[in-house]
Amino acid sequence: MTKHSYQGIIPPIVTPLNADGSINYGDLERLVEHLIVSGVDGIFALGSTGQVAYLTDADRVAIVKAVSKAAAGRVPVIAGAIDLTAARIAEGARALVAAGADAIVATAPVYTINDEAEVADHFRLIQAGIDVPLFAYDIPVRVHRKLSAKLLVELGKEGVIVGVKDSSGDDVGFRRLIAMNEAAGHPLALFTGHEVVVDAMALIGADGAVPGLANVDAGAYVRLWAAAQAGRIDEAIAEQDYLNRLFEIVFCSTGRSGDAAGVGAFKAAMAEVGLLSSATMTAPIKPLDGATIDKIRAIVKDVGLVKRAA
Amino acid sequence: MTKHSYQGIIPPIVTPLNADGSINYGDLERLVEHLIVSGVDGIFALGSTGQVAYLTDADRVAIVKAVSKAAAGRVPVIAGAIDLTAARIAEGARALVAAGADAIVATAPVYTINDEAEVADHFRLIQAGIDVPLFAYDIPVRVHRKLSAKLLVELGKEGVIVGVKDSSGDDVGFRRLIAMNEAAGHPLALFTGHEVVVDAMALIGADGAVPGLANVDAGAYVRLWAAAQAGRIDEAIAEQDYLNRLFEIVFCSTGRSGDAAGVGAFKAAMAEVGLLSSATMTAPIKPLDGATIDKIRAIVKDVGLVKRAA
Amino acid sequence: MTKHSYQGIIPPIVTPLNADGSINYGDLERLVEHLIVSGVDGIFALGSTGQVAYLTDADRVAIVKAVSKAAAGRVPVIAGAIDLTAARIAEGARALVAAGADAIVATAPVYTINDEAEVADHFRLIQAGIDVPLFAYDIPVRVHRKLSAKLLVELGKEGVIVGVKDSSGDDVGFRRLIAMNEAAGHPLALFTGHEVVVDAMALIGADGAVPGLANVDAGAYVRLWAAAQAGRIDEAIAEQDYLNRLFEIVFCSTGRSGDAAGVGAFKAAMAEVGLLSSATMTAPIKPLDGATIDKIRAIVKDVGLVKRAA
Amino acid sequence: MTKHSYQGIIPPIVTPLNADGSINYGDLERLVEHLIVSGVDGIFALGSTGQVAYLTDADRVAIVKAVSKAAAGRVPVIAGAIDLTAARIAEGARALVAAGADAIVATAPVYTINDEAEVADHFRLIQAGIDVPLFAYDIPVRVHRKLSAKLLVELGKEGVIVGVKDSSGDDVGFRRLIAMNEAAGHPLALFTGHEVVVDAMALIGADGAVPGLANVDAGAYVRLWAAAQAGRIDEAIAEQDYLNRLFEIVFCSTGRSGDAAGVGAFKAAMAEVGLLSSATMTAPIKPLDGATIDKIRAIVKDVGLVKRAA
């Protein structure tokens, strides 16, 4: 499988839980099926939306096994090997590959205090420790470091990474990354991680998107992407505007943490439309309260998101 | 073993490596012996100075086994279970306890985006998953969150944590933590992690210190602490001033990362005086260059640090 | 003059200096004329690109007088009243209005530590102290605070501000601001301050742009904007791609401060094509070095930027 | 007046306001008299505690005139010339010196994006523009930059600055600054700006303190300082412990900004004991609420702070 297989809409799948906090594999398999039927181009398991940081290694392996089995080779399965540093990440990644992951996603080191040369070597060490394609995940809000366009394109030209998930919220940087990647012969598949700007990023040359909100409405992202690729700009913008009204669900809770508000809203909306049995999040994240759920429900209804048949 | 056993000088031991990057257990055992003979009150294995974040779980277990065996019950061995979140930390911690750790040190979650209530539950989950005392490690420069005095004392009163290693560099916060802890009946043993202010922190009521520089000269810290406890202020300050001149080794390198400059300086000075066979750091951290080593050597000589007999 | 007059390309004009650091009013007047002839929709004097923070109140007044006289009512002149807090800003703003400014731009407070309610009152105090339209300038990299979409639209609905210059680099936030502004009846004219994404921001509904790079090539931004407004997307993107290649001038210097690298590059390129007599920056910012100037010159030549007739 | 005159307790005096927000010069004069009678070694007007950032240039001049007249040469009057950059600061500073300031305090630039060489030149430009001693004010929480010990001692050796007010909360940095200053022949008078660690800072070699809380109880700080200088450590620590219990007033408010909570608490306590007619703060800072005032009153009573005779 080469990097050329990676483009389009690749949702960072949530990790469905039962009310007791255990993983709901039935829901997970049904969700994978639903996403593939909706037309997505891949599944990104164990991302931030999947609450990967809260999961043990054993749970991570089990999740990738389930996703991979459900995907059954129809679309690639990318898995997040999120850990502190290279040796640990590579070890975890090998287990995920054994469980069925077609590619691995890794961030810069966390907890450590490194310079850019060390971060480059970090990615080289990870890549040397695995035998599937590696994506860099640029998410400063969690990792507290921005990966520079220069570093990423250099790693791309070396063959260390095959793509980037950009969740940096830095549109200037992403634009420059696109230009530098193009000038270098397009070694990297560039994905935006931001739900609300997929239309604009498609127009300026992104290779795809990894939108958490696609858990709630994958079809709309698939249509948005197809329209943008076909040059039907107004249609792409209209789908994006619809999705952005839906995205307001993540702003419904007050006084809750970032992890609770975002994943909590996705799960609550998914439960509302029948995509999940429970909106439970991983401990120690407590459920959203009833008033917030009511606001989310109102938005879901207001934008006209259709419930799935049971 | 109760929390009352934890006080005084508890060095965060470096992880000695061979030139090829493998762990040098011979050096490690000799270093433990040297520290205990120097009079330290405990050993903190797998701290930031021990480059814990770069080590796999298997290496961590092996290190704690070696330290614990070498310590042979003469002083407590505290081990850092540094990972992303509670479930992972508790799992890792249980392996470290099985390997001989008498107590566990954990930070707030990293990578995740939590509020204070979730951080409190994070520590509660860890404590519920282990059966030895738990210390909170407050190190915002790595974790990007400050643990509030209110949170720490509350966890102390609940019995969730028995102490704090404060590496926050926030002396105002530490002073307030000392006062609130005192008002609550001293549930917490409070350690400063800052090498250069141990005299002052001792005077105002700290229970101990976890100084990385004690790897280089443990004896001076032991004398400093004894002097401060006995009210011999001038003597404590004089030892501190000596140590602070020695601490300048960490400012010798230019253009290197924080992880390289600090641990690299400690290891280089230790190699210089015969406490380590090699100053090698964990990958991807490259060695300090020759000019920096020369500067470190000059400081070591200038302050009069005596070489150990081979 | 109402807010409806504010749209399109409004360059944040540089402050031309003589080699001795004094203001070059001849250059300033010629630059205003050049920009207006190039088709810009307004002039923003005393922005970050104009190095406003380094200028005394007397110099600021003299600059606005010169710009206003040169503009001669053909386009509106917006002036940045950049100071610590509301009382100081309003006082400075009144002097700028007396000097000819048609509208005022102000940021959130700097130096102080305020909550959102205080920031809202800050803008209300400024607006109450002036009798021309007020724009909010959202520039967290300088002010160390992000203005929320909720706050800005609320101030727009109240009539406190008539528009926003968004230099936050937060495309997700800007997209949400556009949507909330639209839902509120478009009380605000929304400008992006980021040079390299004007095409995308135009497509998703921005009312205009305030690109520092327009000092170097205003015509290209005017054409880009016209193409985007007319729905000629490919043409807009092509102009943007050209401008982004030109924008690489700001990445030419190494080891220089942000203020030196950015404004320095604009001024060097302007001097190269005959738009400025000198690339001198305000003290204490020293000139870019020769090697950097050479790199900038090469880019200017490479992209084909045409020199003005003398 | 030389730098040798600057040592000991120099309170950053609050700016007393009437209930309508105008400056209460009667209160200001009485407060200066009270502080001098209490034994302080100088008055620092127009600091953060004096809410300098919210004051116009005219008000700043009037305040320095009033303080200087009330001090009548008994202690030096230091004034904060807080503005964006050097040219503006020097201009403002000259007005303050004309109004009676004996020395000037300035921070690193705000709003701008500078490197360390530019910050050094910033202080050189200010010093060249005034003819009284200049102090550097290190307050990263407001300026978003830390002044390095190396930079400060270099400026001291050059004669650019005569001292430092350290409000960085970085005790490690302050300890290193003390050592480097000593090694350089003590060119700088070093003051801590942190209320709760004056005992410890005195013991390790600080030249003085600028504690906002001294507005509420100057006498205790004067006694603390005298005890520390005389080597009566226990007495110094006891005074500090008392003051730290009193300092808890700044933690009484919930949900208020940093500027409101701190200065608001000082002013409320001062009003409670008869040192101020009103706890009013500068706009847009609203008063603390009644519940918070009650908590502050309880602390003031609990620690036994004696009311002044009217």
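So that you can tell them apart, the chains are marked A, B, C and D in the order they are listed, and the count of residues begins at 1 in each.
Assume a contact is a pair of C-beta atoms (placed from the backbone, for glycine too) under 8 Å apart; a residue touches a chain by one contact, two chains touch by 3 or more.
Here's who's who by UniProt: A, B, C, D = Glucose dehydrogenase.
What you see is a predicted model; the values in this text were computed from it and never measured.
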item	value
Steps needed, at fewest, to go from subunit B (Glucose dehydrogenase) to subunit D (Glucose dehydrogenase) via touching chains	1
Fraction-based call for subunit C (Glucose dehydrogenase) against subunit A (Glucose dehydrogenase), same above half, different below	same
Farthest chain relative to subunit B (Glucose dehydrogenase) (centres taken as mean CA coordinates)	C
Whole-Å separation of chain centres (CA-atom averages), subunit A (Glucose dehydrogenase) against subunit C (Glucose dehydrogenase)	35
Centre distance in Å when subunit A (Glucose dehydrogenase) and subunit D (Glucose dehydrogenase) are each reduced to the mean of their C-alpha atoms	49
Residues of subunit D (Glucose dehydrogenase) engaged with two or more neighbouring chains	none
Graph class of chain-chain contacts, one of line, ring, star, complete, other	ring
Pairwise chain contacts, counting only pairs that touch as defined	A-B, A-C, B-D, C-D
Footprint of subunit D (Glucose dehydrogenase) on subunit C (Glucose dehydrogenase) - complex, ascending	53-57, 82-88, 91, 107, 109-115, 117-118, 121-122, 124-125, 141-144, 255-260, 282-286
Residues on subunit B (Glucose dehydrogenase) engaged by subunit D (Glucose dehydrogenase) in the complex (per definition of touch)	169-172, 175-176, 179, 194-197, 199-201, 203-204, 233, 237, 240-241, 244-245
